[in-house]
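Order of writing sets the labels: A, B, C, D, E, F, G and H. Residues in every chain begin at 1.
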Amino acid sequence: MNQDNKDKPMPVDDLCLDLDRKNRCGFSEAIYAPGKPPEMILRAFSELHANGDHALATRVTPEQIEHVTSNLKEVIVNREAKTLRWMTDSSEEKTKVSQPLIITAGSTDRPVAEEAAETLRWMEYEPQLLFDLGVAGPQRLLKHVETLQQAKVIIVVAGMEGALPSVVGGWVSCPVIAVPTSIGYGTSFGGATALLGMLNSCAANVCAVNIDAGFKAGYLAGLMSK
Amino acid sequence: MNQDNKDKPMPVDDLCLDLDRKNRCGFSEAIYAPGKPPEMILRAFSELHANGDHALATRVTPEQIEHVTSNLKEVIVNREAKTLRWMTDSSEEKTKVSQPLIITAGSTDRPVAEEAAETLRWMEYEPQLLFDLGVAGPQRLLKHVETLQQAKVIIVVAGMEGALPSVVGGWVSCPVIAVPTSIGYGTSFGGATALLGMLNSCAANVCAVNIDAGFKAGYLAGLMSK
Amino acid sequence: MNQDNKDKPMPVDDLCLDLDRKNRCGFSEAIYAPGKPPEMILRAFSELHANGDHALATRVTPEQIEHVTSNLKEVIVNREAKTLRWMTDSSEEKTKVSQPLIITAGSTDRPVAEEAAETLRWMEYEPQLLFDLGVAGPQRLLKHVETLQQAKVIIVVAGMEGALPSVVGGWVSCPVIAVPTSIGYGTSFGGATALLGMLNSCAANVCAVNIDAGFKAGYLAGLMSK
Amino acid sequence: MNQDNKDKPMPVDDLCLDLDRKNRCGFSEAIYAPGKPPEMILRAFSELHANGDHALATRVTPEQIEHVTSNLKEVIVNREAKTLRWMTDSSEEKTKVSQPLIITAGSTDRPVAEEAAETLRWMEYEPQLLFDLGVAGPQRLLKHVETLQQAKVIIVVAGMEGALPSVVGGWVSCPVIAVPTSIGYGTSFGGATALLGMLNSCAANVCAVNIDAGFKAGYLAGLMSK
Amino acid sequence: MNQDNKDKPMPVDDLCLDLDRKNRCGFSEAIYAPGKPPEMILRAFSELHANGDHALATRVTPEQIEHVTSNLKEVIVNREAKTLRWMTDSSEEKTKVSQPLIITAGSTDRPVAEEAAETLRWMEYEPQLLFDLGVAGPQRLLKHVETLQQAKVIIVVAGMEGALPSVVGGWVSCPVIAVPTSIGYGTSFGGATALLGMLNSCAANVCAVNIDAGFKAGYLAGLMSK
Amino acid sequence: MNQDNKDKPMPVDDLCLDLDRKNRCGFSEAIYAPGKPPEMILRAFSELHANGDHALATRVTPEQIEHVTSNLKEVIVNREAKTLRWMTDSSEEKTKVSQPLIITAGSTDRPVAEEAAETLRWMEYEPQLLFDLGVAGPQRLLKHVETLQQAKVIIVVAGMEGALPSVVGGWVSCPVIAVPTSIGYGTSFGGATALLGMLNSCAANVCAVNIDAGFKAGYLAGLMSK
Amino acid sequence: MNQDNKDKPMPVDDLCLDLDRKNRCGFSEAIYAPGKPPEMILRAFSELHANGDHALATRVTPEQIEHVTSNLKEVIVNREAKTLRWMTDSSEEKTKVSQPLIITAGSTDRPVAEEAAETLRWMEYEPQLLFDLGVAGPQRLLKHVETLQQAKVIIVVAGMEGALPSVVGGWVSCPVIAVPTSIGYGTSFGGATALLGMLNSCAANVCAVNIDAGFKAGYLAGLMSK
Amino acid sequence: MNQDNKDKPMPVDDLCLDLDRKNRCGFSEAIYAPGKPPEMILRAFSELHANGDHALATRVTPEQIEHVTSNLKEVIVNREAKTLRWMTDSSEEKTKVSQPLIITAGSTDRPVAEEAAETLRWMEYEPQLLFDLGVAGPQRLLKHVETLQQAKVIIVVAGMEGALPSVVGGWVSCPVIAVPTSIGYGTSFGGATALLGMLNSCAANVCAVNIDAGFKAGYLAGLMSK
C-alpha cells in the first residue's frame, strides 16, 4: 500500500472541464464556484479563454474574486450577482437584439436577478430589468403591462409567497420562468414556499427552477430568446 | 369486572354540549359533524333550540342531512356548503347591517366560501360573495377594487398557489382572512402550499386559518364585523 | 333572512369563462375538469366554440366524456390523456410546422405525455412522441440523440427518480421542460421525488412544472415553438 | 456591451418606497430591515417623514440602529423588539383610546410581543402587555380572565406547543391573533410546531400569522381596533 | 426448484406467539389485528387461554369480531374501542385497586380512550374516564382539578392542536401520558400536529406515544400503576 | 389534423421490452405490473420465454394473475408475494448452491419477504426464510445467531421502527440489505420511519432500498451471492 | 406617547417564577436557561433558595455558569450536562432509595444522559448510569439484562436510528422513557429519525420525549420512582 | 449526595471500544470522530494497534489530526477525506487483488469518495477512482462503460439530483452502492433529494446509504469484494 497519500493536499489543480459542451449544448460549461479553490477557477477561465469561449463563474466569494481579478484584468465582476465573467474580444459588437425581461418582487430579490442578468450577458443578450413590482403594491405592475406584453420571455424573481409569477403570467402570452428566492422568514422555509407557489401557479405559462437559481433562469431565457 | 360492556353499542346519545359558551364567547357551540351519529346532531340541535340558540352543523353527510331534516322541518340545508342551520324565529328581522365580503379564486373553492357564508348567516350577518377572481385573469379583480375598498373585513378563499389574498391585501385597509383550500394536485399537498403562501404574504393585513376552514373564517369575520 | 337557500342544488350552471384570455395570453381558457358538473363542461365548450375558439378539457371522467360527446359529436376524446378537445373547422389545414418532442421514461408515464400532446394539438402543433427511454436501459436513448438535437423544445416525462431530463439536457441545446409523474411507490412520495430531482438537475437547460402537469408542459412547449 | 458594470457597488441608494400605500391601505410602508444597507433605511425614514408619515423599521441590526439614530435624534429605539420608529410631532397627543391586548406564554417570547407593540404604537395605539401566562402555570391566566373578556382584540405570542391561544380563545368573544415564536428545541422545528397548533386550534376565534411575525400581528390588531 | 409453492394460499395458520413475554415483561403478547386472518386471531386467543393468560386483540374488524365471538362465547367485544378481550375466570375478583385516569378533549377522541381503557382492563385495572374536557371550554376542566390531582397517572387523549395534556400537566404531580389522535383536518396532518404539540409541551411531566396509540398508553399507565 | 385518435383505446399492446438487458446486466427485465393491462403482461411473458429467459412479474393483481395463468399453465403464482414467475425448463436442475437469508421482524412483513424470495428463485437461488424475529422479543433472534453468521448476504424486512437490521448487522460480517415495509400506523408514515432508521443504522454493514421493495432487495442479494 | 422607551435595555430583572408550582406539581420550577441573562438565573436561584426549594438550571452557557458560581459558591456545576444545581442543606442525608436507571447507546449521547441524571439528583434520586450499550455491539447489552430487569423505570438515550429503547423494552416489565438525541448526520435530521423510531417502537412499554430532552426524561423518571 | 461531581471535567478518557467486533463482524471498530476529544482518538488508536488491528478515524478535525499525528508518526492523514488511518506493518504486502470502483458525479463530491477509498484501504483493498462523470456531460461516462462492466462492485457518489447511480446501474451486472452527498442548494435539502432519487432508482441493482456516508459505502463495498 502506497504511503504517498500521507497528508495529501487538497486537489487544487484537478480540473475536468467539459470542453465538448459547446458542441452539444451551444454554450460552454459555466463554473459553479462554491467549494472550488480560487486557483481552479482561474485555471478554468484561462482554459476556456484559450478555447475561444466566454467564461462565467457564479456564487463566487470575495477571495475567489480577488484571486481571479488580480491575475486576469479583463474579467468583469458583479458583486451583487456574485459572478465573474470574461468575454472574448469579438463579443462586444455582436450583442443580440432580443431583450429578455427580468422582474423582481422585492429589493432583496435583486442579487438573484443580477445572476440571471449576468448569465444572459455571457450568452450575449442584454436583459431589461424591472425591480420592486411585488403584489403588495399592485398598482406598480399595472404601469408595466405593455412592456410585459411585448417580451418574448420573462424571468420573475420572488421570495416569500412567490405570487408575482402568477400575476405576470395572467397578463402575457410568452413563457414565464419563475425563480423562487430564499428571502423570507419562518414558514418561507428558505424559499420552498415560494417555489411551491410557483409550481402550483394557476397561470398555464409558468415553469419553475430551483431556489435562488438565477443562473438556470438566465440560461433558459437565453435559449428561449434564440 | 363488569360483563355489561360486552358488545357495547356506539355512544349515540352521549352529548356534552358546552351550553355556557354563549356567555363566554358570544355565540353558542357549532357542531362539527364528522364522525358523529345523525341522532347526536339531531339532539344537539334540539337542545340548542330549547336553549334559545341558533344551531349550526358543518361538514354534514347526506345521511346526517336526511336524518335531521326529516325530523326538523325548519332546518336550512346548504348542500354545497355541507351545512345544516336552524335559526330561532326572532332572528329573521334583525339581520345585521354590516356585510362581510367573501371572494373566491376559482369555482371549485365555492364550497368553502359557502361554509363561511352559512356561518355568517348563523351569526346574523348576510355576506356578499364574489366568485372566480383568481390571479390568472387579473383584469377580473380590478373591476371590483372599489367594492373591496369599502369592506370592513374580507374573506379570501383560494387553493393552488393561494396568491389571491396577497393581491387583495395590497388594495385594501381592512383585515383579510385567508382561507386555503385543498383544491389542486401534485405539490399543492392538499392545500398546504396555499396555506404557506398565505402565511408568507407580503401584504401586512393578511392572517390565515386552517385548510378548508370556512367555518373559522366566517366566525372570525363575524367577530370583526361587530 | 331568505329561506330560498333551503336545500340549494349544486351550482351546475354558474359559469365564469375568462373569454378575454385569448387577447391577453394568445390562447383561450382550458377547462380543468375535476369537480365540475358535466353540464358545465358542455356549456363551456359551446360558449368557446361560439366565440370561435378551440376548446380543451383535461382530467375528464368517463361521466364527463359521456355527457359531452353524446351532445357534441365532433369532440375528440383521448381516454389515455383523459382529455376532450374540440377544434374549429378551419384548424384542420393550418397545423403548424414546428414539431415539439415529447419523451417518456416508462410506459406508465404515457397518460401525462398524452395530456401534453393533446394540449399541443389544441394549440395547433403536432408533437412527436418517443416512449420508454428511461435510464435503466441507457442504450435506448443513445439511438435517438440526433432526433433530440434537432428539436426546438423537448418535454421529458418521468416518474420514480426523474433522472431522464438531466440526461436529455446533457445532449441538447434547447430548453427541456421536465414533467414529474406520480409513478412510483414508497419514497416516490407521489411524484415529489421526481420533481425534486428535476429541480436539482445538473443540466442548466431544465425547468420543471408540477407533478403530472402534462397540460402545463404542453402549453409551455407550444409557447416556445412559436 | 457596457464595461461600466465592472465591479459594481452594492445598490445602497436604490429606493422604491410605495408612497401610495397610505392611500390604498391606510398606513404607509413599514421597512423590513434584513439585508438592507443602513443608508437605505435612513433614506427611507427621511422620505417618509418628509411625506408626513410615521416611519417604522423592523428586525434592525445594531449597525442599522447606530447609523439611523446618529443621524436622526428623534427616532425611538426598542432593542428588545429590534425596531426603529419615528413619529411625526402631531401624533403625541392623538393616541387612540382602544387598547389592544398582547399576551405572552414565556419570557423568551417577549421580543416578538414587543415588535407587535411597537407596530401598534406606530399606528397610534398603546397596547396593554401581559407576560408569562403559559399553560404550564394555568392558575396565572385565570387571574386575568376579566381583562381578557374586556378586550376588543388579543394577540397571543407563544412558542413550543403554542397552546395558549386556544386557551385564551375559549374565554373570550373577540378575535385572537396567534403568533407562533421560534422558541423551543428539537421538534419545535423553529416555530412550525407552535404554528401548526395554532392553525388547528379547537377555539373558533383564532387566526394565525407567520412565525415570529410580531409586525403582522400588531398591524392586524391595529386594523381590528378601529 | 419446488413447484409446491404454485398458487400458495395465505398463511392463515402460521402463528409465532412470543409465549415467553409474560416472563420477561409481566404481560403476555397482545394481538395487533390489522392484516391478520380471523382464524389466526382465534387461534392466538385459544393458545393464550390454554397458557393461562388473558388475551387482547386491538383494531379488530367486524369480520374478525364475528369469527372470534361466534367461536368463543366469553370474549368481550368493545366495538367503539375495536377490541376483543378474553379474561381467565380467576381475574374477576382480583381487579386492582389503583384507578388510572383517562381524559379526552373531544367526543371523537373516545375510541382511542376506549382502546386504552380496554388495555387497562386486560391488565386488571378499572380506569376512570372523563370525556370532552377540551381547552375550547376551559371551565370544564377546572371542575375536575381535584380529581386530576388525586390520580397516580393520567392518560390524556386529544386531536387537533393537542393542547390538553399541557394544561392537565400544569395542575398535577403525576406523569401524564399524552395520546395524539388523528382527529382534525387540513394541517392536523393525521395527528402529527397534535403529537408535535405534546412533545413540545411546556409541562415537564408529559410524555407521548404514537398517534391513536391507545393500547400503548393504556399499557404504560398499567405499568405505572403498580 | 387526424381524427383517428377520436376515442382511442388504452394502448394494451404497446410493449417495449429491453431484451438487451440480460447482456448488459446479467438478468432479463422484470415486469412491474401496476397499471399494465393483463394482456401486456401475458405478451411480455411470452416474448421473454421465446427469448429463452425466465420471466417475473411483481405486484400483480388478481385480474392479472387470472389472465396470465389461464393462458400459461406453467406459470408459478405466489399470492402472498403478489408475483408471477415462469422458469425455462432447464432451470429446475441448476439451482445455485448459495442460500441468501431473508429475515422478517413481524408476520405482516411477510409479503415483502416473499417478493424478495420469488425474485431470488427467478435468479435461480433458493433463499432461507426466518420469520418473526422482531426486537420486541429479543430472545428469538439470539437462537439464530449461528445461522446469521454463516450467511453470505442477509435481507432484513421490517416495518414500524425498523430496528432489526441494526441488531442483525451487529452480529455478522456480511452485507445486510434492509427493506423497510409500510407496516405501522401514525408516525410510521407509510414506512418512511423504518427507512430512516435503516439509513441511520449504527451498524456499518447495512444498506437500504425503497419501502416495500422486496424485488430490489432480492435482486441485490442475488448479485451479491455470485 | 411616552418617550421613556427610547433605547430601552434588555429586561434583565423581569422575573416571573411560578412559586406555586411546588404545591400543584410537587417540584419547583426548573430554569430553562437559553436566552436568559445570567443575572436572571442568579436571581431565580436566590428566590428559589429563599423559598426553601432546590434550584436547577439546564442548558447553561459558560457565561451563565461563571456568573452564577462566582456569586453562589454552593452551586454544583455539571459541564457535560450543562446544568447548575443548588440543593438545600437538608437534602444531603435524605436521598431516596429508588435508583432510576439511565442507559446510553453511544458516547456522544452522554450529555443528554447527564442532564437527566442531574434532574433526578435535584429530585433527590441518585440514578445508575450505563454507557455505550448501542445495538451495533449487541453482546454489550446482554451482560446487563439482569440489571435492566430489576429497574423500576429506565431512561434510554440514543441518537441515529434510536433502536436501543425497543431492544431494552423487549427485556423488561417497567416503563421505558426514550430520549432521542441530535447525534447523527444526513437523514438523522437532528434527532427526528431517532424520535420517530422510538414512537414506532414495537415494544409496548416505550414512551418518548422531545429530542435531547434529558430534563423531561429525568423529571418523568423521578415521578415514576415515587 | 456526593459533591464530587462539582464542576466535573469532560470525560476525555472514558473509552468503550468494542474489541470483540472483529470476531463478530470481521473488522475492528472504526472511530467516528465528531464530538470526541483528540486524546480519546489517540487512545483508541493505541488500543487498536496494541490489539493487532488496523485503525481508522473518520470526519476528523484539524485539531484531532494534529494531536494524533504529533504522537503517532505512522498514521496516514487524508485531509480531503478527513480521515486518519494506521495500518499494522504486516498489511503492506497483502493488499487484496479485487479493485472496487468508485465514481463521482462532480468535483465537489470527491471528499466523500475519498472517505470511501480510505475505508477500503483500511480493509486492505485499493480502489480505482473515476471523477466527474456526472450526467450533464453524458459522453464522459460512455468512455468508461467497459471499465464499469468489469467491476465486482461500484460505489457511485453524487449530489444534486443524484441521477448517476441509475445510469451506471443500467450498464452493469454488479451491485451499485449509491452515496448521496450534501452538494447542492435550495431544494437539494442537504442531500435528501439525491438520496430520494437513489432510493427510487429504476435500476434494480442500486442500494443506498445515508447522506455523505462514504465510510458505510466503502465498508459495504469491502464486504462485497470478498
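Simple rule for what comes next: contacts are C-beta pairs under 8 Å (C-beta built on N, C-alpha and C of every residue); 3 or more make two chains touch, one makes a residue touch a chain.
Remember, predicted model here, so these are calculated numbers, not experimental data.
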Give me the step distance from chain B to chain F, shortest route via touching chains only.
2
Could you name all chains that are in contact with chain B and with chain C at the same time?
A
With centres defined as the mean of C-alpha atoms, identify the chain lying farthest from chain E.
A
Over half of the contact pairs shared by residue number: find the pair among A-C, C-F or A-B that meets that against B-C.
C-F
Looking only at residue numbers at the chain B/chain E interface, is the share used by both copies over half or under half? Answer same or different.
different
Distance-wise, how many Å sit between the C-alpha centres of chain F and chain H, to the nearest whole number?
28
If you average the Cα atoms of chain B and of chain H to get two centres, how far apart are those centres in Å?
56
Between chain C and chain H, what is the gap in Å from one C-alpha centre to the other?
45
Indicate the residues of chain G shared as contacts by at least two other chains.
24, 136-137, 170-171, 186-188, 195, 199-200, 204, 210
According to the definition already given, which pairs of chains are in contact?
A-B, A-C, A-D, A-H, B-C, B-D, B-E, C-F, C-H, D-E, D-G, E-F, E-G, F-G, F-H, G-H
Flag every residue of chain E that touches chain B in the complex, lowest number first.
69, 76-80, 87, 91-92, 95, 107-108, 110, 121, 124, 126, 131-132, 136-137, 139-140, 183, 185-188
Quick one: which bits of chain G touch chain D in the complex? Just the residue numbers, please.
1, 3, 5-11, 14, 16, 18, 20-21, 24, 34-36, 180, 182, 190-192, 195, 210-213
Enumerate the contact residues on chain F facing chain G in the complex.
105-106, 134-138, 142, 160-163, 166-167, 169-171, 184, 186-189, 193-194, 196-204
Report the residues of chain E in contact with chain G in the complex, numbered from low to high.
24-27, 30, 149, 170-175, 177, 195, 199-200, 204-210, 215-216, 219-220, 223-224
